[in-house]
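Here is the structure we will look at.
Note that the chains take the letters A, B, C and D in the order they are written out, and that residue 1 is the start of every chain.
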């Protein structure tokens, strides 16, 4: 079960599909194995950007079940939904299947600090206070902005909240503010794991984040960067990070980023196909060539990340 | 099965709940009967504002099943969902249960005419081209605006689209534009039924709408108004409409409107409780007194709509 | 100078234009006179919906100057702008010209209670703490939602805030909450004047509003309704209000409402033209006929509001 | 005067302020000189992110005048405004002062392709068809999305449109689509200059962009990268770009990016102060140290960009 000591890398898993849109179970197994082999501490399925909204309820349950059975490490399940009944209908069964916790993002359209705080209390009531959960703070997608003061309130009102998935933007000062609240005794300790494909991982770790909870197609890099950073090897961590940044940035493009990520995971032999379910664009040949160019440069700069030619 | 000759009143049914949030099946039966007794041509369950997002997948199916079994007239089922898989997982079974068609609103976040048109084609592919459907044009809630030209394109590209549920705002000129396209042969005939609680029903009928597809708690008024309008009794229709307008407007308040509607349906003896599922506010005693004041005035002005004192 | 005892009707003045887009100064004079003749306590120029964003800086100053010189009663000047420099560059001169105060709406894009409160303190710093001002609470247009708790904070932090222009939606419980804060001593007294074309004026007055600050083309009705309500003649006030509601609702349509309002003011002999500056649609002949139909019905029901045939 | 052969780098100039918020004219002069010394082809003042909305009308004119007088190369003036009168009141005088053209972003709130296209035609009518202009395509800030098809229409309908400032997101395929239209003869040739701090400059150039129109604090890097790219030295261009990417990304943070940019320009000796006008946060000491760390790394990797210690 998740608790507030969570740290390291929890990858965000894409949902593998066959070109016809069917779920690709074998690739899902390989993905679970891959996260173990690359040193991830756990991973998250059914995330907001993991095509979860494109699944029906039975598919979502089946994916969580398969991933948990295969993982051999903590699995977090995204249960964000427009309503509490659907949230509960996913959260309770996946915990029984052995999930380590769930992830919840605020519903679009919430207005004002009080309404947001009430919504989270109601969400916890709905799923049950015994389920540890991750608060996803991702205003670019949810449209819901939460100040550090509001997050402090949500943390203090909900003991089962264990991890903040931080992807506000800009966000460095927010991490500093939250860690300041903890130091002052105004907020209990929670883990902070960062998202946004790790685009600011270098400084987020220095500001006090405990690790990453994001989907960059080289989780092995994230694992090493977090390790180096914890060991105090700042320059080495930054060198590693900088070598990946051109590709990481390319994968972080909104709208097309998931297609890039799946393409790379296919190139790494994990996914059988880079298909997205509709609606969702495929990479053009030009975009594929751009990714290959960046992969080749990365491989030259860091041979450990070199991929065999496609 | 729905077709483009649909006309009259298709009520939008709220979902009845007990105070503890459980579905109130007896009230749902009474509601189905009520729509028949008041002369509705059919009704819609699981609409965007009918708390459909608060239901889990199994509940949604069960409500559709019960309503269809009881209705004795066409039932339309709202299947709007963030993804096509969930849409299909609801649409196919309810059609097998005997639904007359489904209703689809565009997903939030669609950008640009081409993307919107593509999304609807994909949605129809997902549910199957054999299911007649209602296009819900409700930008205030969906955030997706569609010009008359874009609606024309969607109509022409999707033969299974039979009805436009019109609740753009302002919308009178839009109806005129769509009927103009039909007259010019640029768009095939579709039914237009209006929403927005009927707030502009008087002029929308004059502009060419075929009726209403909305949830005002006096569907009997909507039925009479449409009938009078069709008979050419414009002033009589307007007199009737004007008598209801103070209450109708009160029920049309965003955020609180559904609680008003349920309160009135409870006062009419249809719903056992006016409870909403969380999140959703109850009417304050002051608001209840305001509704009672308006009900009393309506009853004095139009004795046929007088309710027994509460 | 405005203070927190403001009450009655402060009309929102449209900006009169000639068909070629030039400002129509004679009509502006007639408008100022009209507000006096109809018993308004004052009026507001350069409001958010008064085409203020379509004016350049010199035009805005000239309109304020002319209106103040002609008014013979308090004039409020809308100074909302994306930045504080432009706000100050309008606010200081109009106060020197004799304005009674200014109106400020929050800038689009503010996120979180703290940021909104800080923005208002900075706005007051920018214009000077000696200028009485009206807080415009209009989330439908600004996109900025403020809870009663946040408004209480803004009131308490800014002594020069004298009036809340209330057009949140729904808003009845908000007025009740604010008046409750005052009663409990948690918030100092401020005037509350309502907007939204007066669509809920009947109940807003009962909830504690002091009057209206809106632009309905029959301010004489608003004046009478406020007067009757204060005298405790609730049913008479409601009868009057209900008679106007069909037209008032028609004029309240977003996007097209201002064209309706200008059309009626032209029909009343106040404006020489109902032209809007670009971008802004004109009323179609059908829409004009609809307004005429509603005017004729109003005139029959309340002869005091009958207009001569056009 | 701008024309569609524009290419290279047009920097986006920040507006220099003293710590008290007054305009810093000397720094503005140094900035104009700096853009010349670094090889920029021209620069843009009063851009959407250049604090233009914080200036009053007189200040905006004065800044344009000073910059044009000093520049010795083409100056583009941002004239985006909520209304056409303010747009014209800035555009006409700055062209008389010698500006090379103006930049226009679509007004927030436009809905649907037809409305957007009409708005641009009206904007051109307002400023006059003789003024060359830059279309700013920046949906993240304006909220207005334009498909390649819609941009083609706007280009074809407005001969005075000479440059597309491309900062849609993701945007690579959009450049490819627009260049495809040109090749097919479906759209006349226009220059495409990219924004977004150059975050995708490497591939945007390869896709057909003619250069950059953005504000990264090392315009000298942008100039070199464009030059290398044109010479076909792809790897050298990418090496240079990659060396800057960690800092460039840091400067690209929304909300705080402008403070970073001003800080670096101060460190380079161009701006006397890194102050922003209210509302606008200053860099925390931690953030300053982060920027210094990135500057030091950049200086080690590319000595030509090394700054003296602060």
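Here is the rule we use: a contact is a pair of C-beta atoms (placed from the backbone, for glycine too) under 8 Å apart; a residue touches a chain by one contact, two chains touch by 3 or more.
Note that the structure is predicted; figures quoted are calculated from it, not measured.
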Reaching chain D from chain C through chains that touch each other, fewest steps: 1
Most distant chain from chain A by Cα centroid: C
Between chain C and chain A, distance of the C-alpha-averaged centres to the nearest whole Å: 47
Chain centre separation (chain A, chain D; CA means) in Å: 33
In the complex with chain C, residue positions of chain B that touch it: 169-170, 172-173, 176, 199-200, 202-203, 206-207, 238, 241-242, 245-246, 249-250, 253-257, 284, 286-287, 290, 297
In the complex with chain D, residue positions of chain B that touch it: 111-115, 139, 145-147, 149-150
Residues of chain A defined as touching chain B within the complex: 51, 53-59, 81-86, 88-89, 108, 118-119, 122, 125-126, 277-279
